[in-house]
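Two complexes come next, and they have one chain in common, chain A, joined by chain B in the first and chain C in the second.
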Partner chain A sequence: MYEVIAFYIFSALTIGLFTVVVMSKNALYAMSALAGGMIFISGFFFILGAEFLGVVQITVYSGAIMALYAFGMMFFDTTRDVKENIRCKKIAYTLSILSSILLIVILCAPLFSQNIEALYPSIQNAGNIQMIGLVLFTKYLVPFELAAIMLLAAMIAGIVLASKKMEMNLEIDEEFEEAKDVK
Partner chain B sequence: MITLTHYLVLSGILFSIGLAGVMRRTNLLMLFFSTEILLNAVNVGFVAVSKYYGDLTGQMFAFFIIAVAASEAAVGLGLLILWYKRNGSVDLTSLQMMKG
Partner chain C sequence: MNETALVIETIIKAVIVLSVTAGMGAFATWIERKVLAFMQRRLGPMHVGPYGVLQLAADGIKLFTKEDIIPQNVVRPIFMIAPVIAATTAFVAMAAIPFFPEFTVFGYTIHPIVSDINVALLYVMGVASVGVYGPLLAGMSSSNKWSLLGAARAVVQMLSFEVVSGLSVMAPIMMIGSLSLIDINDYQSGGVISWLIWKQPLAFVLFAIAGFMETNRSPFDTIEFEAEIVSGYATEYSGMRWGLFFVGEYANMITISVLVSIIFMGGYNPIWFIPGAIVMLLKVSFWIFLFLWVRAAWPHVRPDQLMWVCWKVLMPLAVINVLITGIVLV
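For the complex of A and B:
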């Protein structure tokens, strides 16, 4: 009973917040709504009994990624409304029709495939975190280490890219404003 | 009673919201937000399948997707800041010309 209520509340909130992310003109509102949506997504993980993934979702998504975006947005002017000139309506309509057909096929696929078998079935009398540890450090050890290397490379790349020309930030902006005035 | 179909339909709705965002937005920062929505929608579907078939592979996949999303955000934001310093705009139309 509680599961049903929680599912509907969380789904309504997530859909609403993500719609705000997609439709909002203000970048700050979009980011806050995205952070809220991430937290409600972790609520689904807790309902589904995946506590470890729920905690990871809160810490990594709402904590790390949203903080990263918040720091990144300090470089951009966020008080102004986001100007977007949308052209090529025809291409957008064609793409949306094609993707809706694709989505229907994707959504119908699990209804026809009833022959899914559990490769790594859940172990009795073991918690979710214990089971994840057992599977992650036996069957998925190599992907786990590759993910660690990938995160390290991404961290170094992020630092190198963002810190390039850090001291001449303002001058370039002024030059750009002058160039715009000339135009 | 909530079944697997409920979760898959929810995942599909969230995914289509993200797709609409990817097609509608021209601001690169907003495009990044839309890709995060796409990844989260897929994660919900994976974890639901993992629960209802008693299989841990879905949760593992969602875990690796979160790792990929974190590194994508780091590299993408670094590139975005570099582009903003060089061009003064994060609009998608400013990327169309490759001036070198």
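For the complex of A and C:
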């Protein structure tokens, strides 16, 4: 019974917060609601007994949205509303509603056609982490390693892009400023 | 109905943890002022009650009765909810921490942990990192330059220390093979020699440093450093909303102290004749004292120095530590 209550509370909160994300004109509201919604989604994982995934959801998304906040801080005055420039509201609403219905149909189709069976049934007497580790390092090892290599490439690219002026540090700048002041 | 009993028990535990840690946090403010005063050859609060003990009551009355000022140009809902986030996340993180060994009252065994999930360590660290949203939102909604600088520093600091704390705690986890804090505690049940601090000294130091960054204590209190950015994210706050930030900071200090005690310093295992609960209290008190001691003894670092030390010194050390641990274990 309590699981059902928790599920409905979490789903209402998640839907409400994500509605705010889409509808709000203030970047700060949108980002805060996104962060809250992501954290409430972890509640579903906890209800399903997948604690590891729930915690990963909290950790990963809190860090990711933190980076979004940093971008918001750099590009907007987050305390003011953003002026949106939507030409045709009707087309935007129709397309978004259609795509969301399509997504729901795609995800729910297996539910109606046949009962879903787990491809890799859960192992008895094994914790969350052990089960994820087994699947990740046996069945899905290649995609896992590929993702790791992609992240490494992205990291190297980021460092190369940012390292153009790395030999100039703050103190050199300060000396330069002082020299300018003296003149 | 068994489920209802569990829910009621959990609620009672949560209320006890909340009230006791909030009380301890309030008491810690008095301790902090006293310890800092003695280290600087002052007396500290002396007038209210014996040795100024009742000063915390006076402070509490002041905070509660102060006018709740919300400046005109702030983003109201975010401004109002930010301190609540800071305080709640600090307490929510405590849900998975076993504070004491289990004990029996009236033939009923009580586990002093609100919820025994088997990824407790990750949970505590994840929720504690969500706590940075409090200062961040406060700074961004205040429409004040000092607050915005504080918020920017909060992001920088969070993205820096998170890597260090995660990687440093990985080595002990590899040795134990479990993320449950109870398992980590049981692993060190063989007396002082079996403490993980002897096997993982580097991880211990790195985790402690990351803990100081996480709780915004000096030398890493860049986000509210008075001499640089007035009061950082909290510049526009007054009264109980500011008090909630304060409560959150002290609750975070207690969480980090308990976490370090459990992971590296043997947890609540009894030492010789001292029972486990007392041992735990002593360790946590020592860590709180260490937080204050460091504040009195060390100068403050700049944000760029903090990033430098995180990414160029601490992170490589943590990775090397994980690598060596892996080689030794295999």
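Of note:
Just so we're on the same page, the second predicted complex is superposed on the first by the 124 of 183 C-alpha atoms of A that agree within 3 Å, B and C clash if a C-alpha of one lies under 4 Å from a C-alpha of the other, contacts with A are read in each partner's own complex, and residues count from 1 in each chain.
By our rule, a contact is a pair of C-beta atoms (placed from the backbone, for glycine too) under 8 Å apart; a residue touches a chain by one contact, two chains touch by 3 or more.
Remember, predicted model here, so these are calculated numbers, not experimental data.
Of the two partner chains placed around the shared chain by superposition, chain B is the only one that A:161 touches, whereas chain C remains out of contact.
Using the contact criterion defined above for the overlaid structures, shared-chain residue A:153 touches chain B, although it does not reach chain C.
Residue contacts after overlaying the shared chain place A:28 against chain C, while chain B stays out of touching range. Contacts of A:133 after superposition on the shared chain: neither chain B nor chain C is touched. Which of chain B and chain C touches more residues of chain A: that partner is B.
In the superposed model, A:70 makes contact with chain C only, not with chain B.
Looking at the shared chain after the overlay, A:16 reaches neither chain B nor chain C. On chain A, the surface touched by chain B in one complex and the surface touched by chain C in the other have residues 52, 56, 69, 72-73 in common. Remark: chain A residues 1-2, 26, 28-29, 32, 35, 39, 46, 51-52, 55-56, 58-59, 62-63, 66-67, 69-70, 72-73, 78-79, 127-129, 170 touch chain C in the complex. By the touch criterion stated above, chain B contacts chain A in their complex at residues 1-2, 4-10, 12-21, 23-27, 29-30, 32-34, 36-37, 40, 43-44, 47-51, 53-57, 59-60, 62-64, 66-75, 77-82, 84-88, 90-91, 93.
Residues 3, 7, 73-75, 77-78, 81, 117-119, 122-123, 125-127, 129-130, 132-133, 136-137, 140-141, 143, 148, 151-152, 155, 158-159, 162, 178-179, 304 of chain C touch chain A in their complex.
Interface of chain A with chain B (complex): residues 3-4, 7, 11, 14-15, 18-19, 21-22, 27, 30-31, 34, 37-38, 41, 44-45, 48-50, 52-53, 56-57, 60-61, 64-65, 68-69, 72-73, 75-76, 82-86, 92, 95-96, 99-100, 103, 106-107, 110-111, 116-122, 131-132, 135-136, 140, 143, 147, 150-151, 153-155, 157-162, 164-165, 169, 172-173, 176-177, 180.
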